[in-house]
Every structure is written in C-alpha cells, then in structure tokens.
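For reference, the structure is listed below as structure tokens.
Letters are used for the chains, namely A, B, C and D, taken in the order the chains are written, and counting of residues starts over at 1 for each.
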Amino acid sequence: MKNAIVTGYSSGIGKAICDELIEDNYNIIYLSSRLEDTKTLEFEVKDLLKNNDIDLLINCAGVGVFQPHEEISISKIKELIDINLTAPIILVNLLLRSLKKTKGHIINISSVEATKHSKFSALYTATKSGLRDFSLTLFEELRKSGVGVTTINPDLTVTNFFDDLQFEPSTKEETYLLPETIAKTVVTVLYTKGVITDLTVRPQKFEIQKKKGF
Amino acid sequence: MKNAIVTGYSSGIGKAICDELIEDNYNIIYLSSRLEDTKTLEFEVKDLLKNNDIDLLINCAGVGVFQPHEEISISKIKELIDINLTAPIILVNLLLRSLKKTKGHIINISSVEATKHSKFSALYTATKSGLRDFSLTLFEELRKSGVGVTTINPDLTVTNFFDDLQFEPSTKEETYLLPETIAKTVVTVLYTKGVITDLTVRPQKFEIQKKKGF
Amino acid sequence: MKNAIVTGYSSGIGKAICDELIEDNYNIIYLSSRLEDTKTLEFEVKDLLKNNDIDLLINCAGVGVFQPHEEISISKIKELIDINLTAPIILVNLLLRSLKKTKGHIINISSVEATKHSKFSALYTATKSGLRDFSLTLFEELRKSGVGVTTINPDLTVTNFFDDLQFEPSTKEETYLLPETIAKTVVTVLYTKGVITDLTVRPQKFEIQKKKGF
Amino acid sequence: MKNAIVTGYSSGIGKAICDELIEDNYNIIYLSSRLEDTKTLEFEVKDLLKNNDIDLLINCAGVGVFQPHEEISISKIKELIDINLTAPIILVNLLLRSLKKTKGHIINISSVEATKHSKFSALYTATKSGLRDFSLTLFEELRKSGVGVTTINPDLTVTNFFDDLQFEPSTKEETYLLPETIAKTVVTVLYTKGVITDLTVRPQKFEIQKKKGF
C-alpha cells in the first residue's frame, strides 16, 4: 500500500483528492501540525519517516487574499507566504530522501493566478507563481532520481477558499470547477506513463459575483 | 456521432489520437490537402462544412529542425512556419463558426520547446511558442461561446518526427514518451468537466542519442 | 562606421530608431524589398552582403489585427505571420554569418501582447510571442559567438499602427508611449555592457478609445 | 530632493545603485533593521514615514543557495524566502500609501533565474519568480495611481553574492556583469517616459567556475 501525504485534506480540493486516493488504495497520512508552525511540522514529519516511506506528496493547502496591497495586514502577508509557499518547500525538503527511495511523486496545487497578472492578486500570485516555478525547476533536478513533479493550476473551484473573500464563483453552469474535477486530474497525473509537469484547468465561462455584506 | 478533424493523422501522435477517438465513437474526417497549400485547404474545408459541422479540431501535424540557425534553408523556415503555425491558425479560422455552433473543442499539439529556450531550437520554438500562446489567447476570446481550447506540450515522443533529425530519443526506459500517452491526455482533456487549457508532459528521464551517419 | 538594417524604417518606431542610430553615427541600409516577398528579399540581402558586413539588425516592421478570429481573412493571417514572424526569422538567417563576423547585435521589436493573453489578439499574439521566444532561444545559441540578441516588447505606442484598427491610444497623458521612447531603449541596449535580452515598456496608465466610423 | 529606500545598500548591486542615485541627487534613507525581523522593520518604516515621503523603493537585498534541495537546511529555506520575497512584499505594503502620494516608483531586483528552470535552483527560483510576478501583477493594480513598478532580472553579477556559494563567475571577459551595469539600468528605468516593467540583462558569454575548497 502506498503512503500519501496531502495537505489541506480537511475540505475542498484536498478532501476530494483524498477521496480519490483512498479509492485507489492509497494510505493517507494526515499531518496534524499547523503548516505555519514549521518546528512542529518538522518534528512530526521526521517522526513519521522513522517508520514509513512516502510515495506521494500533494501540497494542496492554500489561502487567498484579493485586496489593494496596502490594505493587507502584515500577518496576512506572512500567513499566505507561509502556507502557500514556505510549507510546500519545507515538506518537499523533509520528504525528498524518502521520495527518492520510493521513486515517488510530488504534486503541487498552484493556481491559474500563477499564469497571469490579475489586479489585486499581487501577493497571492507571488506565492502561487513561486510554487509553480519551484516545481518546474525541481523537476529538472529530480529527473535522474525518478521522482516526478507536477504543478496543477486550477481556476475558480467551489470550496471554502472563498469564505473570507469578497467574491465567489457565480452559480451559473460552467463558471466554476468542482473539487472532484481537480481530484480527477490528480488521478490522471498518477496514471500517466511519463510526467505531466504542468496542467492548468479552468471553467469554460467566466463570471464571479460579489458577496452581500462585504 | 461527433466529427473530428485531426491533422497529422497518418502517423505518430496524430495516428494514436485517431485510434483513441475512433474507440470513443468519433467520426474522423481526414483532410487530403497539404497543409502548406492553404488555397486547396480552404477549398476543401469550406466544401466539407457545407454538409458537416465539426465538434473537434486537433492540430497535430508538426515538423522539427534543430540546427545552427544560419544553416537552415529558407524553404525549411517557411515549411516549419507554414505547418506548425500558419495551418493551425487558418484551420481554426475556417472552422470556428462551426465549432461555435457545436460548442466544440480545439486542441493544439505544441511542444515542450514552447516552455523553454533550448540551443538550436530557435525556429522550432518560435512556431510552437506562437501556437501555444495563440491557443491560450484564443481561449480568452472563446470562453463565452462555449468552445474549449487546449494546448498540449509534449516532450520527446517516439515517432517519425526524428526521421530527418540528427538525434533521437534514447531507447532506455523512461527517456521517451509513447504516442499513446499523448493520445490519452487528449481523452482526459475531452472528458474533463472544465477546460484543461495547458498541459505539458515529459519523460521522467532525459537522454537523447546522436544518430549514426549524421 | 557601423552598418545597421532596420525594417519598418519609413515611419513610427522604426523611423524613430533610425533617427537615433544616425545620430549615433550608424550607416542605415534601407532594404527596398517587401518583407512578404522573401525571394526578392533574399536576393537583395545576399547582394548587399557581397560588399558589406552588418553590425546591427533591428526587426521593427509589424502589422496588427484585433478582431474575432473567424472574421480575419486568410490573406490577413498570412500577412501578419509573414511580416511579424517569418521575415525577421529569415533576415536573421541571411545575416547571421555576417553578424557573427562583426560580433553584432539583433534587436527584435515584439509587443507587450507577447507577455499576456488579450481577447481578440490571438493571431497577433501568436506572431509576437513566436518572435519573442525565437529571440530568447536564439541568444542561447549565439552566446559563444558574441552576437547579442534583444527583444523589446512595447505597449501602445503612437504610430500609424492604429490606422486600420478600430481603436487607438487615448490622447490623455501617460496613456501611450512615443516612438522616441522605444528608440531610446534601443540606444540603452546598444550601450549596455552585457546583453539586455528582454525589455517590456508600457505607459503608466491604460486607456484606449474606439475610433469613430468603425 | 527625492527620497529613496534601497535594501542591500551596503555592497554589490545595492551599493552601485546608491552611488548612481546619489549622483542623481536622491536622498538615500538607509534602513537599519534586519529584513527578516519584520516587527522591527515595520516599526522603523512607520516611524520614518511620520516625517518623510518616499519616492523610490528598490528591493535589492538577496541571498542565494544552489544545492540539492534535500540538503538545504530549513533555516536557510526561511532565510531565502524572508529576504528575497517576504521583505520586499512587506516593504511595498508599508510604503505604498506614501508612494501613491509621490507617484513614486518601485524597482524589484529579481534574477534571470526567475525566467528559466535551472537545476539546483528550485528554492532560489521560487523566491525570485515570486518576486517578479508580484511586481508584474502589482503594476496592473497601480497603473491608475501613477506608481511605476519594474522588475530587473540580472544574470551573474560580480558581487559578494557568491561568497558562500560553491561557484562564481569566470574571470574571463564578457562572462559576468558588473554591479554598475545593473545600476545603470536602474537609471534608465527612472528616466524612461513610460514604465519599463520587466528587464532581463545577461553577460554575453556563459562560463562559471567551481571554487577551490568546496
């Protein structure tokens, strides 16, 4: 049975991915550390590596903020960078020796915002573009070792990602993705003979709506 | 039954895609015009549109050349641009009204060379990068109309693409892709609820070999 | 005295570049062939190379079209590809041996549209993105030979480029660039100790206006 | 007299930039806080804003590491992200209201590594690519406000950046850039009528050397 670590497993895309992986007979290892707390995270990961090897790491946890840049608090800036960029980079760092042993796979869930320059997305884009180019660069390093690296860049997906944002996907058909769709691209990645290094998926149509009360 | 046009259908990736589409119950319409001969191509396409609508266009035909740029003949320069870039753009142009009617899908097979800058690939990269950004830009235009647009960027795939080149993929495992793998990403694209706009697929390992006699 | 070839020299950015180069003591060689007529172009260039070496090639001629893709005529598609992409690639091909002798410089004027995906720009973006990645890839090939390669990507510049388009830059301050500004970046490129490989320049503000009568 | 903040002012590219700015009559404000210490940094910046407005922010401080990713320490990972990415983003955040008042300019010194995927550069590329796309995205947000945003992506420049690395630029001519060259591109940026949003500068030739003792 293969071992997978999936961050952000409790809801949204991460949860949908876990559901697919379980169906595919993966053993999911649920980390309990907060991703910003790198000390605890390091301790937890090193501990579990004593008795386990990891075949699959999926960095899926992510936070968004879309506001005029001067209005974002410094703690929010740090939170986004910590969760969206630093934690995935550290997890890869901690797990890489094990992933080399298993000739495993790393999948980083970035965002369509890593592929364009949208107003009020500067900070978010920085973290997601950093994560995407981290992955693409890492693959060059890991080709020989047999570890695959994939970035998936989803556009608007219906999850609790929007809970604290001022907008959300429209409810009209074809204007949003479902978490299951992203989970299925993960399965495709895992079953492809070769490495899908980069995959962007978007709804056919574009329509967002401002939320009431904001 | 859905109608598909696939260029480059006679061998390699194009042929593998046709095999998959036929299995999926597509009716393949095989164009007989040479892609460089845009007059005949236009005539043929306009003629078939009189009695058919098109659900799927896959621009797969492609030619490569990897040499010091000053050593490439002008006729070769024109051939690459004509086949790799101009023909796909013209086919989209001719078929777009029909594709809008069917809410169809356009898939352009670009190349990993559209995503990096490799020595001796300047001309080829120009055509493939042009094709990739054509697709990504076109999708912005076609979102409302319900037409999907996808670019697939394959790395070294074992086909007759290498027949006239001085190198070819190594025969070692994991150093090349099979046409069937690219064909399967096409199937994934068609069955995804949402639009995979961009997908890059590469062999895990990198190794090419110089051909004897060159 | 150094010899420069500048396409599109008769107006707009090309003319402004020539003015700067003349001031900097360059001898401008004015090609008389139409850029689409590659046979004549080849003949003219080969003829002048009998008695001259070239120190600087600036591909500046360009044509735009921004319409729904299905409304563009096939002859317009070919014109854009021929002038924006094929001609620069052929000119580099013809002049490269001479440029290697002089350790010269190639400057390709691409467009900001090569850096993003704007609605109704698919064809234009294809040509300009192709040109930009041609340049960036070519530089990798030419580093050893001592030939510099630069892409300049200007945003809206007040020239006759807009004569046949349905929109034009606003007349408000800071919403457009002047051809002289682009010409000055060329001078900067030539006087930099090292190679500016890629430079994007944009107006501070964004505002375009629809033209009456369209 | 205009006020400029330049991080990394004590040596290398930052020092060369300060020298140019002083010649151009800028008043340089030297921050004394360590960039990782965001609490102190915030306090210092807020304090100086009480009596000063800022016309120019240049984020130039940067740290590099080029090793197999699993061999990098977690503290080094954090240091790179803190200095190369988080600090610039926080400084922009703190200074943006002032920069809007002065219609000032932000220049972020990224790296050529933000434009490609080099082996053993995954972490560094993540920070520099994040910074570059932060800048390009921020410009979209700030166009109306009159604040310019520029990314400069230098390749190998002779500075103490290499002190702790296992390689350094070759000493052969044309294989490295001088800090003065980057400083001059900054001056070009400041004197351009329009906004140079992105500029990559590289040595003509490529040659690095391994350092003894590593």
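The rule is short, and it goes like this: a residue touches a chain if its C-beta (ideal position, glycine included) is under 8 Å from a C-beta of that chain, and two chains touch if they have at least 3 such contacts.
Treat the numbers as computed from the prediction; the structure is a model and nothing was measured.
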item: Chain at maximum distance from subunit A, centres defined as averaged CA atoms; value: C
item: Selected pair, out of C-D, A-D or A-C, that shares over half of its residue contact pairs with B-C; value: A-D
item: Distance from subunit B to subunit A - Cα centre to Cα centre, in angstrom; value: 30
item: Distance from subunit D to subunit B - Cα centre to Cα centre, in angstrom; value: 40
item: Junction residues of subunit A, two or more chains touched; value: 117, 139
item: Subunit B-facing residues of subunit C, complex; value: 38, 42, 68-70, 72, 74, 77-78, 81, 85-86, 89-90, 92-94, 96-97, 100, 114, 117-123, 125-127, 129-141
item: Subunit D partner contacts - residues on subunit B that touch it in the complex; value: 116-117
item: Partner subunit A, residues of subunit B touching it in the complex; value: 115, 139, 143-144, 146, 148, 155, 174, 177-178, 181, 184-185, 188, 192-206
